[in-house]
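First chain A sits with chain B, and in the next complex the same chain sits with chain C.
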Partner chain A sequence: MSLKILPKRGLSDWVSRLITEYRVVGPKLMKDQYIFGDIHSADDLALDYSTTILPPKKILLPQRETLIQFDTASSSQPIEPFIETQATIILGVHTCDMHAISLLDQIFLEGFPDQHYLARRKNITLVSIECLRSCSEHSFCKSMGTLSVPETFDLHLTDLGNSYALETGSKKGSALLWSMSAVRDPTNGDYRQLQKVMSEKWQSFNYRLVFDITELPSLLALSYDNTLWDEIGDRCLGCGACTIVCPTCYCFNVIDEVDFSLHRGARSRVWDSCQLDRFATVAGGHNFRVNRSDRQRHRFFRKGKYQMEAYGLVGCVGCGRCAQSCLVHISPVEVFNELYRRQSPITSLEQEVTT
Partner chain B sequence: MTSLSKPKIAFFDFAGCEGCQLTVIDALQTDIDLLNVVEIVQFREAMSEKGDDYTIAFIEGSYTRFSDKERLIAIRDQAEIVIALGACAHLSGINAIRNLQSTAEVRRYVYGDHAEHFDVSLAKPISAVIHVDAFIPGCPIDRQEFVRAVKALLQGNLPDIPDYPVCVECKLKENSCLFWYGKTCQGPITRAGCGALCPSLGTGCVGCRGLIPSPNISSFKQLMSEHGTSEAGIEAKLKLFMTHEILKSEASGDGN
Partner chain C sequence: MSPLLQEILETSSIYKPTMMLVLDVRQVTQLEKLFTIEMPNGLSLGHKPGQFVEVSVLGIGEAPISISSSPSRSNGKFELCVRRAGSVTSALHSLNPGDSVGIRGPFGRGFPIDRFRGKDILFAPGGLGLAPLRSLINEVLDDRGNFGRVTILYGARNPSELLFTDELVEWETRTDVELHVTVDHPDNDWTGNVGVITTLFPKIRVHARNTIAITCGPPAMYRFVLVELLGKGLLEGNIWLSLERRMKCGVGKCGHCQMNHIYTCQDGPAFSYAEIKHVEEAL
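== the complex of A and B ==
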């Protein structure tokens, strides 16, 4: 690890240089909400953003992408893979989203790597930023253990007030510092400021889960038949927003579209959602999760249990986007806490008293 | 595909504003290749020729008169595939609002002294009268969805119409939710496929594409109420395009 200091007055020049070599994506204001979008100058960039509507997964796994092009009438090469990438920097990624990207990397790159994800991922440089205050009333990163940056960053920024501390995590990251005249080595004062910022940040975040995250998989295992799922199913609109805005949801559908020749066309991947009616419908028409309660339970089990078991990483990073998007106030931290309360001895005692 | 003769298609209109037919005419201009792959033999809105040897019939508009039945049956008998085109044909659309009142009163109100000369029935989607193979929803239809539907039919498939709600498309486009701004929107219960057109332009979805297959109406009503819509206001919004579906779900005792 090497630490450098970038005075804030040098940010604009840095971004201008990056734009000449890369597609630069970062948090920017759209109306009064932040989104990850193309950055054309430092003025577009809002590094002190709260949270974005969609997570940066949309850059790694676009809402819609072409996988192959085909021509079934061609005898020589009926199918050609379609892979198009561009050297891209994602600037200002919060630590929760960095943890989510670590999970996506495992899912798409381990075992049989997904060629499209791999090609895009290789070409992406991740510049994360230290979170110094809670970004949203719905976030609960401290409880989920995602308030520190994972090792997958290429460059990591920490706001020191008048400057940013830049920690380099990879060659890709150090490449971004090329010919940056404004960057200097840290002084003792910079180290002291960094230490101060880092030690003070923790009190700006609250633990919102009433139990330890390591208990979550076993809590869910005990809660499969809990009546809470029916209560949630009664409220859930089945709109799918929770999964679309989720940084760790990656389920997709694959569709073919042809032109008017009817033999030339393209196969595309589009985001799908386990909250939608047709998701768990199989050939013959049987739907394995016909009720909204089943679908919501499945979602929470994916986040809190299945992904932990399969990948050793928690499937929910506590970003709070789903809770913010849910029109009927289904919030993971509240769901997990309520399940815990219902499983706790006090609840059993209350049940004994009332029965 | 080998050089088979082009399928012959026809367009028919019942009670409606003909906006969906205009959208088809629009599609013929933006996707002119359509004319290379189908032969239009009947399309009153666009041409004078009138052939009856069609295999695919697109029907716009609602059934609103008893006498419509005979014409619908004749189309069904001729066509191999019948597609309901647009909200009026698919859901009976806004025509069904009149079903909330007595048909006799509606007839008297509209036609006055001449009421008895006019044939007026309950307004119905055409699927209530004849078998319909597929529908293309919307008021008006989405041009690109129509083009995709024609391609699907040419491939021997039925069009793949989304059965998920508008919210999906709205979130994919990263729109700010209108409910965050004191507005309301029927996106959570309305069938997608329009690309969340109205919410993307800042106005709430009015439900022209109809309900998703299993909407949570009671939770949606609660949501609308939390956002300041009166009970009468909620009913009015739900019954703009969805009267037929709502009455049907009320009659079967679910959804409320």
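== the complex of A and C ==
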């Protein structure tokens, strides 16, 4: 790894150059909230954003994506796979979302490799940014171990005040350095500033889980029949917002549509949610997860246990978006902590935690 | 990996069906039709009993359907017994010989037939559950010498819903197969057993430690059949079930078929009772 320094005054020029070669996506302001959206001018980019409504999964796994196109009137080759590849740079990805992308990468690579996801992913360059302060009252990344960037990044930025420290993680990342006219080697002062920023940042974040993340899978295993699931189920509206905004939720439905010719059409996948009532219903009508409490439990078990066991990566990255979007205030950190309180005979443990 | 699956992996999309010809369509009951599908030249399905395929009617959608024919009788074609239940299966029912359907698969884990050899085999399908088990039954019967006693207990709601009645007659007349059929609601012509499938169990004797039981049917049936099988002393690892779930993608991604941590389309749909006993959402 070699460190480079980009003075902030050189950012605008760099982004302008990127836009000419790539589709550039990054955090930008929409009314009073941030979104990941197309960056058409360097002024759009808000690298100092808090959190976004939707995570960058909307680029990696679009809400609606064509899988195949067909023409039933064609006798020779009626079906063609549709694989989209557009060289894209996602700028300013927070570390929690980077961890989520690492998980998505594994899920779509393992078993049957999903060529649609992988082709798009191959053409995406990830420019992550170090989080230096808590982004929302709901986030708990420090507790989930996602406050440091995973190795998935191509280029990683750290805000040093007047400049960004740049760490390259791949060839795709180092290729981006060529388009920076103002980039320079670091001075001793830069190293000192980086060290200062990195050591001070941890105090800006609180541990919010009252137990250690490594205990989460076994806590859930003990909590399958906890009455808390019924209490949450009673509150839950079954709207699915929590899964839509979740950076590690990827479940999808598949739908066919035909145009007015009635023989040309496409099969697409669209985001689906295990929180919607018909998600586990089979053709005969039997619903295998009929209660909202069952569906919420399934969601929390995926986040805290199943993904960890299947992929060795945490299924909840602590971004807090689900809590932010939930109209009835179902918050993962509160759910996990409440389960811990109900399971643990020693409730005084909570007091040891910095809050 | 089967040759067809290999082809799907190499055609640049795991979601791309291969178009195949419908050779024959036979009305089996009022709700079910049996489709014979011809593989394109040079391809073989290479399935195991208990596996399923994703069947496409382009423009309508895709549905997971268990393969009803045995590998032993495949020979470039295979059979699907389809109940008209939703939009895709209704569209399938409107197809005629000469039409084509899209196929992906075979997917999932079938029954480990190699481990069944030398054992007595007890089949206990209920209703449409005979459709997937027929693949295994015929595979066993076509290799009859390598298995012990073969017993089939089959229950349906009424006589008009019995599937594969030709084969039931054939199995009835074979001396090396013990077949018992029952219906919940008999009609005037019915002279056989009346009652749910569990009423057949007192009629049979099993060598508990040397018997493999395979059951498939509606979710409500499993609990009662499991009580009977365990009551006869069968080992939990020797009781096999085929579970129905909404396998939308078939390749372990879409999430619809998940029961707890298990993707039914990958680890199943065939499971031993020992494997799913502690999977709370399985039954």
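Here is the rule we use: the second predicted complex is superposed on the first by the 344 of 355 C-alpha atoms of A that agree within 3 Å, B and C clash if a C-alpha of one lies under 4 Å from a C-alpha of the other, contacts with A are read in each partner's own complex, and residues count from 1 in each chain.
The rule we apply is simple: a contact is a pair of C-beta atoms (placed from the backbone, for glycine too) under 8 Å apart; a residue touches a chain by one contact, two chains touch by 3 or more.
Only a predicted model underlies this, so the values are computations on that prediction, with no experimental measurement involved.
Steric overlap between chain B and chain C is absent once the structures are superposed on chain A; the two fit side by side. In the superposition on chain A, contact is made by A:Phe301 with chain C only, not with chain B.
By the document's definition of touching, of the two partners only chain B reaches A:Gln63; chain C does not.
Counting the residues of chain A touched by each of chain B and chain C gives the higher count for C.
In the overlay built on the shared chain, the residue A:Pro7 is in contact with neither chain B nor chain C. In the superposition on chain A, contact of A:Ala241 is made with chain B only, not with chain C. By the touch criterion stated above, A:Tyr250 is placed in contact with chain C alone, chain B being left untouched. Contacts of A:Pro113 after superposition: chain C is touched, whereas chain B is not reached. Legend: residue contacts after superposition of the two complexes on their common chain; A:Val258 is shown touching both chain B and chain C. Remark: least CA distance from chain B to chain C after fitting both complexes onto chain A is 6 Å. Common to the chain B-facing and chain C-facing surfaces of chain A are residues 255, 257-258, 262-263.
Interface residues of chain A facing chain B in the complex, by the touch rule stated above, are 30-33, 35, 53-54, 58, 63, 234-241, 244-245, 255, 257-263, 271, 273, 276-278, 292, 325, 327-328. Only residues 67-68, 70, 72, 78-83, 107-108, 111-116, 224, 250-258, 262-263, 265, 267, 269, 272, 274, 279-284, 286, 288-289, 294, 298, 301, 305-306, 309-310 of chain A touch chain C when the two sit together in their complex.
By the touch rule above, chain C contacts chain A in their complex via residues 9, 11-17, 19, 58-63, 83, 85-86, 89, 102, 218-219, 244-246, 248-249, 251-256, 258-261, 266, 280-281. By the touch criterion given at the top, residues 1, 31, 33-34, 36-37, 148, 151, 154-155, 160, 163-165, 167-168, 171-172, 174-177, 179, 187-189, 212-216, 218-220, 222-223 of chain B touch chain A in their complex.
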